[in-house]
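Inspection log for the structure reproduced underneath, given as structure tokens.
To keep things simple, chains are lettered A, B, C and D as they appear, and every chain counts its residues starting from 1.
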């Protein structure tokens, strides 16, 4: 069983560039951490021709070979990397989704999760729609097709106004590329220039990798049309909804070299480590992080605590999808693949181990045990986020509530369960502070249970800070 | 460039058998000659659960491994093998198509071609439907979803009453299996019993292979529901349309061990050879056939002409999709992969070479040249069908009219082009006679240009023998 | 368990042709029936450079792609297709074997079996040789390396004079191509011209396929050197050994379009069928053959018996290595993949079924049963060879003696076991007659137990007809 | 063209453990950084049976699937991961090499390079040996086979006494496992206990991963036999050769969690960074390392210099062998896949960039340029080793001397070529100090050109510090 959070997807698009599909390929590769189960690219081959599409199961480098990219000639393209939710057939839900509707060919790459998706499906089925996948992108395609106007932009906007939840979208037709972000801006999306063309991507690291220059983030609630030299912007919703971007992008999901809302993710994480040292100090000999995601925070902790930062654990980087996991018996015999402690660093030391979060708790328990066996005198676990207590509804694949170790437990109880000498979490306020705002400026539902977009659809009051709390 | 006719598809289904998906696998394998680009199986896992689906590009043996079949547990299944039309993306159009609509999960395997498919697509798009494939199965799924009644059978019948053209269908829901054949019965479909369950398949050889017992053909215009012990039959159309099964199934497509409308295909072909010997005799030393499809006719010719049947050409059976074809230069140097003449049989002989048809003529020209180089004294080409002059509209992938060597040419002109000492074709009447009927009992549009189902939809008069002639 | 005989290998070589490796590829493809487990090509890239080599597990079309052939540039090449013996690791024994010895790089493709191979291995190991494979080609390479003279040709001849048993060899160095055939000529090998260069191959069909012109067979006991325009011939052994080519190449192994010792294989087989009709007549309605190998004999039978030849069984041609075989239970339920009887041909008929041989008898039993269930009134099995009673020692992969149904049984007993109404075999004399000689002109050890090359090595008397009889 | 040093191989072995091949698999996975082109495992299946072997091209996780490991049942096993040298056919040289010689089956895994390998090959060929690979393991196998004594241990020792150069060996027979390290101990090899059995591996991280407990390093010049409960040690050579383990294992090759001669690699590297800060200080705002190998040194530098350690560059971890590299034109357009600078960290900063070595210099030049474009005010390159001026002869795949940027150049010239504001290297003495010795205790030939094992074989004087200097 998996003991980590998984981003559901990454999206990107390139408009008006000779090497559109190749740049999309490199952008997807930079977004690989956001989805490793399948990848796809759709490319426009000019007016009145259907978009060409190639999708497959696996990493970007496995799904596309040179011949595939050669077949994807065209001046505009969108791409997608995907994690399936449990039970999904990974191939059926690979994106981009490409459909033909009255206005012609349409490709959709979606990152996020619609909370009224199931309800919309039911309604669409009632009125005669058929579904071939379980993706929200297909719901959006149906709504667009049924919007009934001639203009694809109008129809897309009409569709978006019916959905509730999280979305960052890259959409392509032979005539234009569109990008959109839900009114709360739950999932990230950035805009850049590449040559004479344009580019959108879930993270700025994809712009960097593809040689594009960052221009600005797509705003929460913004709908963007790109069909020539300029970018045309409109609002999806008139209501004055409070932005609430996912705070976990800062803590864990985004790549450290990405910038979110103008802040560098590595630097935010380093700050989280500093706050941990300030708020939850402990006498220790070394500070270490769980690689790779917690290295930034651990170095911040070490600096602020003025103790050496050490590589206490080393990660083996070669694990692939086909790797044969050891049986339980071998694990008990000490077979230990992913993380190896550095005995000489750990032995007899009082260790501060910084991690970004605890989900099910199994990994933390194993790590504490590994460090003990390596001779650590004391192990102080410092988590650069609050207790993770509520499942995400906006595109993160978490365990159900029952599996979350922090659900219904105090920090003391968790400390006991994972076996650390001390366990401390960072507060919501500190997270928000590091990310440059206050608690109300972000979605922190996974900590607080207060979901900015309610299932019931009663989040009309833009000034209500937290629309639905469990 | 390809110089042969290709059947578009094969379909099959198994209802109520412990090994439903495995039997479907073997049935597809028996139907492999009807489609070699992709294969798929959908299986019912019980009430209210979506059908499970596995599809892939390649031969049946390549698409499914043991683990795939294990995942397809269930008591009912449908399958499909597919040839793509030029330009199709083979994966996108792989079938069965599985969709979710109001009534639940629905799987469709289609063999044939709807002549009003494009028009129906346009109408459906106008009213807000989206299309993810270019298959007619998706048109049928939309029409079914929009039929608007609660009952899936009623909706399927309503859908079928809107389409025109060729179809043999195997359809599956968690509650029932359906089979249907268009009013003209253009494509074949047979029904059998397997254990306590039922089976349908494009050809009887698939019933044999899966251990099923042939019961009867599905009738032209018949719609069959199987949801328990019994088979429930209804008529798709009230109009008294004349059946017109494809005569080319007898001549070329069907496997020689299949029976069509109660006649064995090998025996029909042998008869065609006998007629050729009677109608177009020639003084010769040996009769040979182009392997494999013309062996039956060639032995019939030899017997009727009372000359020895000899294996004048040997086919290499190992060519696969990945085989590297020789460049033109090597061909000119004599590299010659697929068919090798037996010099000792051919040298100094007057040879009757029997073939089933001439499409573009390139193969015939090469064969005549090969036999000449092998020392044949005379080469008399005998074709067990009339000149192939008109493209098929009902599910056969032919070249366009311009590529057909017989289009607009006399037999003498063709004889000259292929370089034979003589060339003779069999008449339409003789074909029909061998298949047990008269010209009006079959679709012979590829020879006559008289299409039994008109594009215009004006084939309401059931007594009009040939609805549209070019 | 397999119920057929399998040729161990096919070999070929091209000397002095711009497209040497491509022609070798096509020649191997024509020899694919002689070995389907692995394939390989070694190519000379000029003086003092090691031979380049590509080998792999699978069919020729699977082992090589265009890039592989591109890497195998050179003007001379040898190739090999291989069947492994049970227990062999198919990759380790894939050939050509390429080694480096004092004189430089050496490639060997071997078809056959050395009866003193195990003894030579033991001796070589005693004197310090190491073995990386279990192939006889490696024994030959060691013997050549240890022959101790400067000249590779001298060393090869010295090596060949130490081995006993069956071999047809294509050997390549950067300076010359060699070919050799054991003194009895047990396995076939032919020589041809291709452009300005030369070609050798196990069968003439490979010469035809590669556009080469047949020149002559390599003689039993002949050693051929090709290093320029001419072919230099020498004798491997001075003793006057009686040639004894394998008679089973005529009966079963060779392709029907190959010629062996100047006789066409199809025509020999047709003659065998005629002899069967003459020697073992029976009143019957139709004659059928077991496809594909017995079709020639069956048509010969039908002609001589003046009854119709019919396609009584149809073979599915698509079975590949990855095909999932039905479990026993499904077989009992009638699942029946490889051969399907044509009920309408068989029903109520007295059938003569011609087959080339009976090995374990399981297939024959199943076929008789299939025909009975298809309604045959009588089934008369006619085998175009004598009872197969003794394992081959010269390169054919047979079951052990205990598995051979004919070992220690009378024809009546076999008839009972397979369940035919009558069973008759052809005599050794008739086989030899059809192949153009007498019993003493061929190896018929599998029928008679008289092995032309004794294990003991006491076959010095060239006039002893049969050196060792069991 | 590649701009990095590559370790040639990693070896390991497990004696007497129920899960021998699985533990070997995990050990190889831990050693994956030492060889990524091919992998293999040989397993003993008991007395008098040949070793079973599975090898393949690719990463460990790609080469072995569950069925492969199941086939490798046995209580003892050796493994190997491999980098090919340019021109090697990766499959041919995959190890372990398994051969059959007089004493039975023998498997060899070799890490290192024999400097008299070519000479030994020539001699062996002269006396009749054949070579199927270009690996030194095959030379060792031949020498062992020809040693002429009954006892395999005696023969192995005799073989090792003839070779000169670098080797760490894991050797397996059905009766015993052997391990050996050349007299200079150039390549590492450690010994551990696993359950009741024993384990050897190139690095201690492999022992950790497989759940084995470190016992001690195999000593330079030690030959170890393990055939029961105990470990039997003998000396390969009587001469008192000075140990000279490769200092680059500390600097770059070994994993940071491995311990070499009792010192933790991460800690040594961190010390190197501290020395850099002490010996070559500069006023700067941040210190960054080139991931992943220079992170340890960079944190050491930051601590000693008392400036913040920052993640200035982020590495994309998903690049695989099939990844499509950007064309030059796209690189010029800014496409930039492997390392991405963090603009917000770099902008306007004076940056110390720590790297472990400069080989060809192309990467350094690109990195300096990337940091400049990201806005760095100053870039000070600090290398945690001396200038790399001489090719390794002992198992490291370096460019030839002409390609080494430091060969024949002063540090100032290199500084100019890479474009840094300043460039400083660490001295040989400092490296040796961090590794716990003096210059004479290590092989530093790549810096000094003084090779501890001379090609001429004149290194008889054990007290000569440096046997051959260029």
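Of note:
We adopt the following convention: a residue touches a chain if its C-beta (ideal position, glycine included) is under 8 Å from a C-beta of that chain, and two chains touch if they have at least 3 such contacts.
Everything numeric here is computed off the predicted structure, so don't read it as measured data.
Listed by label, the chains that touch subunit C and also subunit D number zero. Taking the CA centroid of subunit A as reference, the farthest chain centroid is that of C. A straight line joining the Cα centres of subunit A and subunit D is 37 Å long. Taking each chain's centre as the average of its CA atoms, subunit A and subunit C sit 61 Å apart. If each chain is reduced to the centroid of its CA atoms, subunit A and subunit B end up 48 Å from each other.
Residue positions of subunit C in touch with at least two other chains are not found. By the definition of touch given earlier, these chain pairs are in contact: A-B, A-D, B-C, C-D. For subunit A in complex with subunit B, the residues that touch the partner chain are 53, 89, 92, 97-102, 106, 125-126, 128-132, 141-142, 145-148. In the complex of the two chains, the subunit C residues touching subunit B come out as 19, 22-23, 25-26, 29-30, 32-33, 59-62, 64-66, 69, 194-195, 205, 208-212, 255-257, 259, 263-264, 266-267, 270, 292, 295-296, 299, 303, 308-311, 314, 316-320, 322-324, 326, 330, 333-337, 340-345.
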